[in-house]
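To keep things simple, chains are lettered A, B, C and D as they appear, and every chain counts its residues starting from 1.
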Amino acid sequence: MRYIIQSNDMKADLQSHSQNGDFSISMKDHDIPFDISLIQPNLYSVIVEGRSFVIAIPKLAGEEIHINGKNILLEIQDEIQIRLKEMGWEESVQKNAGEIKAQIPGLITHFFHQVGDEVKQNDALFLMEAMKMENEIKAPISGVIKKINIEIGSGVEKGALIMEIV
Amino acid sequence: MTKRFTKILIANRGEIALRVMRTCREMGIKTVAVFSEADRRAGHVLFADEAYYIGPSPSNESYLKYETILEVALKASVSAIHPGYGFLSENTDFAAKVTASGITFIGPPSEAIRLMGDKTMARQAMIKANIPVVPGTEKPIDNTGDALRVAENIGFPVLIKAAGGGGGKGMRIVEKKEEFMEAVSRAQGEAKSAFSDSRVYIEKYLEEPHHIEFQILADAHGNIVHLGERECSIQRRYQKVVEESPSVFIDDKIREAMGKVAISVAKSCQYLGAGTVEFLVDKHRQFYFLEMNTRLQVEHPVTEMVTGIDLVAEQIRIAEGHPISFKQEDIRHNGHAIECRIYAEDAKNNFAPSIGTIHHLFTPDGPGTRLDSALYAGQQVTPYYDPMLGKLITWGRNREDALRRMDRALSEFFISGIETSISFCRAVINHPRFQSGTYDTHFYKHFCDDLVESMMAHDEETFIAAAGTHIFSETKIHSSEQSAYSTASERPSNWVMANRKGLDR
Amino acid sequence: MTKRFTKILIANRGEIALRVMRTCREMGIKTVAVFSEADRRAGHVLFADEAYYIGPSPSNESYLKYETILEVALKASVSAIHPGYGFLSENTDFAAKVTASGITFIGPPSEAIRLMGDKTMARQAMIKANIPVVPGTEKPIDNTGDALRVAENIGFPVLIKAAGGGGGKGMRIVEKKEEFMEAVSRAQGEAKSAFSDSRVYIEKYLEEPHHIEFQILADAHGNIVHLGERECSIQRRYQKVVEESPSVFIDDKIREAMGKVAISVAKSCQYLGAGTVEFLVDKHRQFYFLEMNTRLQVEHPVTEMVTGIDLVAEQIRIAEGHPISFKQEDIRHNGHAIECRIYAEDAKNNFAPSIGTIHHLFTPDGPGTRLDSALYAGQQVTPYYDPMLGKLITWGRNREDALRRMDRALSEFFISGIETSISFCRAVINHPRFQSGTYDTHFYKHFCDDLVESMMAHDEETFIAAAGTHIFSETKIHSSEQSAYSTASERPSNWVMANRKGLDR
Amino acid sequence: MRYIIQSNDMKADLQSHSQNGDFSISMKDHDIPFDISLIQPNLYSVIVEGRSFVIAIPKLAGEEIHINGKNILLEIQDEIQIRLKEMGWEESVQKNAGEIKAQIPGLITHFFHQVGDEVKQNDALFLMEAMKMENEIKAPISGVIKKINIEIGSGVEKGALIMEIV
């Protein structure tokens, strides 16, 4: 399978190979054998070209990979996604990106904008108190605030839709 | 007359509850944990000899509900209550009620808590006791002429602060006398429009300030000792992140002077038990009393590591009526200790708190390494309490050794399932300004971008390993978890591998 | 001329490999692990920067196969090899071949290893260097008259040992001269029938002997220091179980004398690096050279805890050509340290080795507590290697504090899935003779029944809790793992429970 | 359900009750509520009359329960076994008790007896070298050695039948 993988400033175009339980990836015709061993559920000991890594693969897509004390967020395109892109068909990745949901339960203490305001990506949207700390929540995309579902001073459950930007 | 405690209730949770229990167990004292709904499976519950439910998850319905806690204490027949830090530790009513019920409160008398808890009262008491405080106006000023006289008395630079509210609105640093009058009127204008109150305070502006605190112990026999200082200038949003002892900023002369003042502070409020006197020290090494914390401090292990003294054991013995187990001159400061606080937060994402289940956990250990936490794999981190997961402390013969050891220990600290500040701490420890010891309380503000960048950095091999393993886990070909190594013949050496070239970046 | 190591291969496994790697990482040196088939998922592989497969599980096909290890070392371009203890650490050929290949062997020259590895040669060398050795015959004796003369020279009590074999056959303690002749002929008779060889050795019998050893360090600049002693008299089948420092048995005068002799021993064999000189000390506090271990010792952390010195770091610096980083007079012995070795064995079942998967693991931590292990939950303990899982070390300001801390730390050490010696160690630590410090190498032999009994003891509440939980887990009613605590109203207090009476027993 | 539970020197005759997710046991009409919470697979936090325990329940029957650093081996008779016993029907628990199998792989280095020898319970049977240590294996029951399946000096796999006592 071909994949294009990206994280921050790095990008790799690679092929994966599995045969007789052996796994390797190749980049520009160089084969890199992976020695992978499961040590706990979702936790691997990985030896690649002699280097030893401990890698936790998250259960949920979109979460970060934990590797030797670092967190890496990977964007992965598989063969199908690559072809679609090459054919000019971009997937609408940003679907629902304007829905701001509570990541954790908390208390909304301040809104910086009103419905109808135009906001830029990373503009502060509101303050939320959780775990005894005040957290500034920023706009994930640029757009116009379409709706605010929560009143100031009210508590929200995890996952509650707080506002929408379109 | 001394008492002998047989059972202690710890009116706290998480790492500090466990920390206190460890010493109790070493002293042959039974331990009683209390827990909220969210904390049924918390580490302090697992470790305790006894554990009792005290209410729903929000602190004000459980850990702050002192009637319930006192009821548990009485039914469980405990000799004493240790409040830890936070929660009820500086609550005068609680301290008074515990004492009134015939149970020993492990801490100072409630009057000392009350005095030190009121910042204005504490400041006035300190001025009376000839303790240096940051010079400034006691009362808000409205008249600009009065303001100037005060500023000249204090000496420039000064800070102008709005009396009616906080958040930096109306706050101004004035370097020179000539700039003062205009600055005051602007500050007053801003304050008026923000808080409908134009009055301001004038205070000495401390340049490149350090936050340095002294650990003290006082017993009922009139003995007061100090155990040296902790340098706590690495802070984010007034939250300490990294602490160390000794401070590289002060010398023995200043250390001695500050230690004496710390003892005077404790004396002035008839202190009992363990306490911390916090100072601000400016770039000229002038020090000023900031406040006194009338409880065990989060960062107390730093002092324990360099003195070898168990502060919780001393607290308990003092509460039992014993004298402190050593004299000032017996204290030997040995080597250097550093503490990193590990928070459940996403440093890359503006330090947003992170909750969830800890999936995998590898904790650091080995020479000169101590972890105070109550963590275990499978544990849930809930949104109800302080996001601090624990504290990692390292000791070395000198600062460089302690620092290298901290970096090593952080490197082997592996937590998955939630975001933590482990890599942020590594970034701090490895920052040139931290390494050289030339930092003040503005460190985080000045270098925050550096820190986040260094935290995010990883090499190509790491990226490839992560990517490959992710693909592997998705393809689920690992049905057989058998060893890939054949017993019959040696597998081709792992190191014989094609050279890899040409990463796109 | 000094070198600067950039990468070190650790030719070992498990806890000691990880221990060495921790110091390497603190020194900025990359680490290379080697592993056998059974050890693909071992802790030292996970921690290392690089890891290479070296062969099937049996040691003689992997960890003892030095050609393969040397091949890995060369391909991975390491600067040096650290052998740990056991395996190749005292193999003269290996040391010589490593050196010949241009890689530094972190240890003494192969000649010193060879000399100290041959007990007879070592004994003769020590006699020549005026080091006290246990008096006795150098060569087997057949003539009873000669035997008596030797015995009289040595002084009673003496030990008669068969020359032809071991296992206690033909061994006799003789208290008085009058009993000697008959004892010798009996011993000779027994020896003859058991080994077809009637010759015997005569040796001084040491009453209530202590096994006390001195840690030494020697550099290439002619400096040799000793770091004090470790009392290692708690043994089972000649395996050390608990070690401590300082020894309560010897005083400063004997300590100084033994330390000087330890340094002479090291000098006499042109020693380099870290080594241990072992002594037997009888009840009259006469000490005798036993042997020298030319490597890092299992129990080295005890010395590290009381001196603050990282012995592995000193080993590495010495191997790089640096002088020892301190002088004899700089060493401060601070407080007391105790080590318990934790084995995978079933103490209740004649200490049979235990293998399997570690299901649950909670490791001790907190003040003065160090765990050197390479354990993690999910790990497999295989039958191929030494069953030691790790070492728990505690420090205290005095022996009593260190002891109480050890008991506390052992109490929070939780391993399920395999049998371990944790509760056996608790039994030792809490035995009155260990507590009072009045023990010798016969401790285990004398008190082994006490120990097993105290290990098995548990109270009724524990029995009921275990029984109830077992029934609960069998009935599988816990389909919903939801919290049982209602958020709406407070649950009836847990402590309001019927008094329970009348356990059958 | 009624159970009779034994370990070493302790014995209890008790009833278990489960209702609405609450679990308790009763002994001589005293009810003891159990507050049990799973913290890891097969690992429980248990609070009984205020006392807190951490208890690992083994996956295999006959293995020891690990509780607060102690190991306890329980013999459990449930309702059916109790009734059978009361009716005079003892189960043949000792079935196969005379088969001595290797608990771990190792090397047999010495036998203390020959076929036909009479041995008492706890008499030493043979020496086995495993994990670099010599282990003395004792007779689980008294009887006569019927068979020895292994030669001195030979390695055995885990589970291998070494000798039989009848």
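Just so it is clear, a contact is a pair of C-beta atoms (placed from the backbone, for glycine too) under 8 Å apart; a residue touches a chain by one contact, two chains touch by 3 or more.
Since we're looking at a predicted model, the values are computed, not measured.
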### Query
So which one's got more C-beta contacts, A-C or A-B?
A-B
#### Entry: Most distant chain from chain C, judged by the mean position of its C-alpha atoms
A
### Task
Could you put a whole-Å number on the gap between the CA centroids of chain B and chain D?
49
### Message
Rounded to a whole Å, what is the gap between the Cα centroids of chain A and chain B?
### Response
31
### chain B residues counted as touching two or more neighbouring chains
40, 46-47, 52, 76, 362, 376-377, 411-412, 483-484, 494-495
#### Entry: Residue numbers of chain D (touch at least two other chains)
37, 40, 47, 50-51, 54
### Query
In their shared complex, at which residues does chain B touch chain C?
18-19, 22-23, 25-28, 37-38, 40, 46-47, 52-53, 55-57, 71-72, 75-76, 301, 304, 308-310, 332, 334-335, 362-363, 365-373, 376-377, 395, 397, 401, 404-405, 407-408, 411-412, 483-485, 487, 490-491, 493-495
### Message
Touching residues of chain C toward chain D in the complex: what are they?
### Response
237, 344, 348, 350-355, 359-360, 362, 383-387, 410-417, 419, 422-423, 426, 456, 458, 460-473, 475, 477-478, 480-481, 483-484, 494-495, 497-505
### Query
In their complex, what parts of chain B are in touch with chain D?
32-33, 40-41, 45-52, 76, 376-379
#### Entry: Touching residues on chain D, where the partner in the complex is chain C
1, 3, 5, 7-14, 16, 18, 21-23, 25, 27-28, 30-38, 40-44, 46-51, 53-59, 64-72, 74, 76, 103-106, 130-133, 135-136, 138, 158
### Summary
So, in the complex, the side of chain D touching chain B is made of residues 37, 39-40, 45, 47, 50-52, 54
